[in-house]
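Let me give you the structure first, and then I'll get to my questions.
Each chain carries a letter (A, B, C and D) given by its place in the written order, and its residues are counted from 1.
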Amino acid sequence: MSSSYGKNIRITIFGQSHSESIGVCVEGLPPGQRIDMEEFMRFLARRAPGQNSYSTSRREADRPEFLSGLVDGVTCGAPLTAVIRNTDTRSSDYDELIDIPRPSHADYAAQMKYRGAQDVRGGGHFSGRLTAPLCIAGGICIQLLEAQGIEIGAHIASIGGVFDAPFDTVSVSAADFKAVMQNSFPVLSPASGEEMLELIEKAKREGDSVGGVIECAVIGLPAGLGDPMFDGMENRISSIVFGIPAVKGIEYGNGFACAALRGSENNDPFYIDGKTIKTKTNNHGGILGGITTGMPLIFRVAIKPTPSIAIEQDSVSISKIENRKLKIKGRHDPCIVPRAVPCVEAAAAIAVMDALLDYKMYQGGN
Amino acid sequence: MSSSYGKNIRITIFGQSHSESIGVCVEGLPPGQRIDMEEFMRFLARRAPGQNSYSTSRREADRPEFLSGLVDGVTCGAPLTAVIRNTDTRSSDYDELIDIPRPSHADYAAQMKYRGAQDVRGGGHFSGRLTAPLCIAGGICIQLLEAQGIEIGAHIASIGGVFDAPFDTVSVSAADFKAVMQNSFPVLSPASGEEMLELIEKAKREGDSVGGVIECAVIGLPAGLGDPMFDGMENRISSIVFGIPAVKGIEYGNGFACAALRGSENNDPFYIDGKTIKTKTNNHGGILGGITTGMPLIFRVAIKPTPSIAIEQDSVSISKIENRKLKIKGRHDPCIVPRAVPCVEAAAAIAVMDALLDYKMYQGGN
Amino acid sequence: MSSSYGKNIRITIFGQSHSESIGVCVEGLPPGQRIDMEEFMRFLARRAPGQNSYSTSRREADRPEFLSGLVDGVTCGAPLTAVIRNTDTRSSDYDELIDIPRPSHADYAAQMKYRGAQDVRGGGHFSGRLTAPLCIAGGICIQLLEAQGIEIGAHIASIGGVFDAPFDTVSVSAADFKAVMQNSFPVLSPASGEEMLELIEKAKREGDSVGGVIECAVIGLPAGLGDPMFDGMENRISSIVFGIPAVKGIEYGNGFACAALRGSENNDPFYIDGKTIKTKTNNHGGILGGITTGMPLIFRVAIKPTPSIAIEQDSVSISKIENRKLKIKGRHDPCIVPRAVPCVEAAAAIAVMDALLDYKMYQGGN
Amino acid sequence: MSSSYGKNIRITIFGQSHSESIGVCVEGLPPGQRIDMEEFMRFLARRAPGQNSYSTSRREADRPEFLSGLVDGVTCGAPLTAVIRNTDTRSSDYDELIDIPRPSHADYAAQMKYRGAQDVRGGGHFSGRLTAPLCIAGGICIQLLEAQGIEIGAHIASIGGVFDAPFDTVSVSAADFKAVMQNSFPVLSPASGEEMLELIEKAKREGDSVGGVIECAVIGLPAGLGDPMFDGMENRISSIVFGIPAVKGIEYGNGFACAALRGSENNDPFYIDGKTIKTKTNNHGGILGGITTGMPLIFRVAIKPTPSIAIEQDSVSISKIENRKLKIKGRHDPCIVPRAVPCVEAAAAIAVMDALLDYKMYQGGN
């Protein structure tokens, strides 16, 4: 426990990399909502593998099958379950790994926790493949949010030492999100994207991998979402985002940079813009006291380099308590950051949708 | 909702800065555990205000009163509730703030959420004062963990641009925690501490404030704590730590630094140390796949500069939709980082204790 | 775990019979709601002991002190905590009971669970006294529901073999609830009440006790509250009502009587009444598929006779594994059914309020 | 929300009567547990339709397909998901019912809640068919409990006015459970079973249906399971059992009968049996203060007569607000009590397994 998240919208993700299927059950979706399947499939395609040089060559149809919760493409109020069959699995690639854990993978921790009963094939329940069901749930929430004027976009902020142009935290707009999507690589600046791709190619050629940072923005949020203390927007988003494998850090607004600032520099002054109260800067990332202010909600997540590399590494035999050398075979992304971009959007959408329902509960008065 | 956290150990924090009392209810404490009250009060004292130049001069006894759950200092299995009376409150200091929100405080967001019904006095439920009940719950959990060989320590990693020596992530020990506590200022290097204090003093003199970073380590953890996906140790710790006001970011292991590394640099090779499996480096911060590896669990949190500053700021009148100038009166810490150190330890202790109980559930087999 | 209940409205009850205080923390109350303190105190008074021949002579002011969550009698959105000091405790009455469990009390089960660490004084956390905080939380919810046209009333359906007139399940109204309250004994038929009182007096004289059944109705509910499967109104109400000590059964609508009926007798035909869809009979108790139908929600609970009786009973010494005789001293209600009436109303109010907030979440569309 | 139940073992049930599939996701199963598939299929067969005169002639393979969580028949610690394809669906049978709700079915309540978006085919998510996934989850828990010496059995206590011999609440044993299973009809007394079958046949011939009561016992439980207040065994079991459609009441031990007794009659005296503490009678049904005493846990549930009857009934047109006559077509059980017996066992197993894990958490000390 627990592969579940949420209170009003509750998602439960199941499956292992090489089990019969992977999937997700989503409870609490408002009834009567039509899902635009084309848009939905376009969203899933952004995460799909096998499209380009930087992702694993594992190819799967990855077309989700809806088992329940939809009638003629419309939510019916019952739990929605969708599954993806695992078809292109090469279990033999992993046979050696039962006893010799891959550095910086979950193998060793899982072995300690499940005492050998865990499904080791392809990383089992810890596989990055499990972000596909996260994107299914998130892709649906994204559509529900859009219908209410709330939009979510993310881009690669950096890979290795190469940086994209950041979102303008005060004025980021749907046009920026569109610009990112029109690039074949999810960045604002195509030139930076080219440089990042070169970095990835180079790492791949050398049997290595690279990490990066993803920046995400949520716009169109009303002020008042989120709750004090442990159900603040930061808590809610963090507790789903760390469910994406390889995420090692999260920061809101200017994040860690605030530590080097003075209050007079970091504080965001309020001002009147027409009839609206806004802040001149947005170091707070659209969240104060855990609650949205109506300014764009901004956060960034750190993604570690893919731990699966072709270079030989030091490991151990768990059973023999002996040092060992390990050379990982199989197909792996030299950089998972690009494919993680829609996963971060999906996670944010689910967290925001859940908070939005809490918000609605009290809006009718009493 | 929700000022509650946890599944096995469940804490519920209540109170406003100027309400009758603030307090915490802790459910799920194992019965029959004696609380060492002296050690407990020493822990709380580390967070208490009024001790030195860098904290508010608001003085309160802050001695918790145990209303339930303890019989002669021993947990009895029933929910433990402790309260602290609010005695030294000067509500008039805040009268002006109902309509003119303080920049980077929760005032405006709360106004939008609660439509004016929120308790504005002293920040209400959003006050940093609410970390006192967090420390009560955490102080108890710290003792329960110590009895099982698990220790938690934190120090100030940086304030403004001044950095303390970091924990050695591979070999950090209880001796390091003791060293931090023996300093009047919670750092490893007294020289850095001096420099930080100067920075704080300077900010104070100028009516300003400064932010910082806290680094926390948990040692003595068995491998196998935490769960995949949304109940991983990163998720669990994040979702309580962001309950501490002013936290804007969290990172585990080498955190955001991993984004600039290659897999071959970031991966932590396993090796045999005597009969134990360890990693040579600890970039993973003791967590892989959400599960502890037995290496020290390491995380850092970014704390923004106190938003309450004496310098005049730009704000607005919410009711009149007009720009306004604001000059905050009252007593405020020019830097809350030192007092946040035990709060971070408390939060970590609660999250770890909760995960430990999940872990124990399955250790008896079947 | 767990002395908490609810998802949107979350109550956490703490305290032991002889601890410093007992109390409740209520999260999720809508902000800006004024509590009518006089009405609230009148509600609590219905549960208070020491008023008459059938209740314990333990006398306590039992005036709750609000520690948080209210500002000038209005909810502020922060968790509301109220406590009652335990003043009139006679702990010596219970000294013998540590080792010799009282038949049909929680003593033995608690001893097995907490291995001797439980608070044995006065039944500890298992005491009927803990229904006072339940009534605090419920008394507030009752007022919030009334403001929305939802009313709750209960009466004693039977004590021993004496039966009150039942609610008319199709047309029960606020007038019926008023009628019950105007009687000094909470029944519809004063004559039945007289008979019940005689039965109680007789049991008391003989050092014995009697049980009974309470019937509760909720009117003014919109159709559509509650959820399929495990969050149906029956599940929600049951899981709070069994938190009242001594409840041994619950049934909805015609309940156990349905087992002897045919479908053609038990089914409730729909018909049009003006512009409203109603059912001619209400065997379903206002709930179908876990969801309210708009007909009165009806349920009954069985309350066992007070286990504390003056008559000598057979028990054992837990430590010596020997048979023993036990004669319980102290003050006890010969019948707890009358005082349990407002507790059942309180429990129903909390469950309904929690479901109502779920209902509101989806009513704004999308 | 919510089709989920449980804290340590968490089940999420999805699917509609005529959706692609129905199924269940079970989180928190201990890893490394082998499921005996033959025994498991025998358990599911007890609930399956189409076997005899009293159940619907709808025939389905109902063989669950395991999508995740099992590796070679052994739990791997990841969420276990199993689905059953819906193959034999005749949706046209239900076309008329969109506007004309069936009396005492969920149709009308669902229409009010989901405003027409609900899946009306076959009762949608409210169909009795959804007890199949409940039995999948329960069938697994039953095996896990058996491995620890805990056994669960149920029988039909009554149908219409015909009563089976009750369980001996003090000495009920696995032999009794076996006796019930060896009968083709799940009763202790074959003669009563014959009489019940006749009653069912007669109702069927007359286009009608009958209700009944199921009695369930759990034996081999340690003392100390369950928690005070809202997580007592009564609360836990009730909140899952009311998830079985048609359940209208539940009682523990002697249940509603206690209301007519005196304390001296109802109390269960303790005594020493060898080295064990037992009670001479078991009116408390193995639960005191919400916690198991080690005596058999006994409860009974009331099941209403199948609301689908062939006899013409009064209903309404929801859209036209007009009275209507309704004649239900399709295949329906004249009595669902026999098929509900394993469902009640399944529900009990899940609730007990969940409580057992809480119990284990604290048994290692500290």
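Side notes on the structure shown:
Keep this in mind: a contact is a pair of C-beta atoms (placed from the backbone, for glycine too) under 8 Å apart; a residue touches a chain by one contact, two chains touch by 3 or more.
If you're wondering where the values come from, they're calculated on a predicted model, not measured in any experiment.
When the interfaces A-D and B-D are ranked by C-beta pairs in contact, the top one is A-D. Centroid to centroid, with C-alpha atoms defining each point, subunit C and subunit D lie 26 Å apart. The mean-CA centres of subunit B and subunit D are about 45 angstrom from one another, to the nearest whole unit.
Chain centres here are Cα averages; for subunit A and subunit D they lie 39 Å apart.
Along subunit D, residues 1-4, 8, 13, 31, 78, 110, 113, 125, 228, 358 each make contact with two or more other chains. Chain contacts here are complete: no pair of chains fails to touch. Contact residues of subunit D toward subunit B in the complex are 7-8, 30-31, 33, 78, 144, 147-148, 228, 357-358, 360-366. Against subunit D, in their complex, subunit C makes its touches with residues 1-5, 13, 101, 103-110, 112-113, 125-126, 130, 158-161, 203, 208-213, 222-232, 234-236, 238-240, 242-243, 245, 247-272, 275, 277, 279-280, 283-285, 287-294, 302-309, 311, 313-316, 318, 321-323, 358-359.
Contact residues on subunit C toward subunit B in their complex (touch as defined above): 1-4, 8, 10, 12-16, 19-23, 25, 27-28, 31-32, 65-69, 71, 74-81, 83, 110, 113-119, 124-125.
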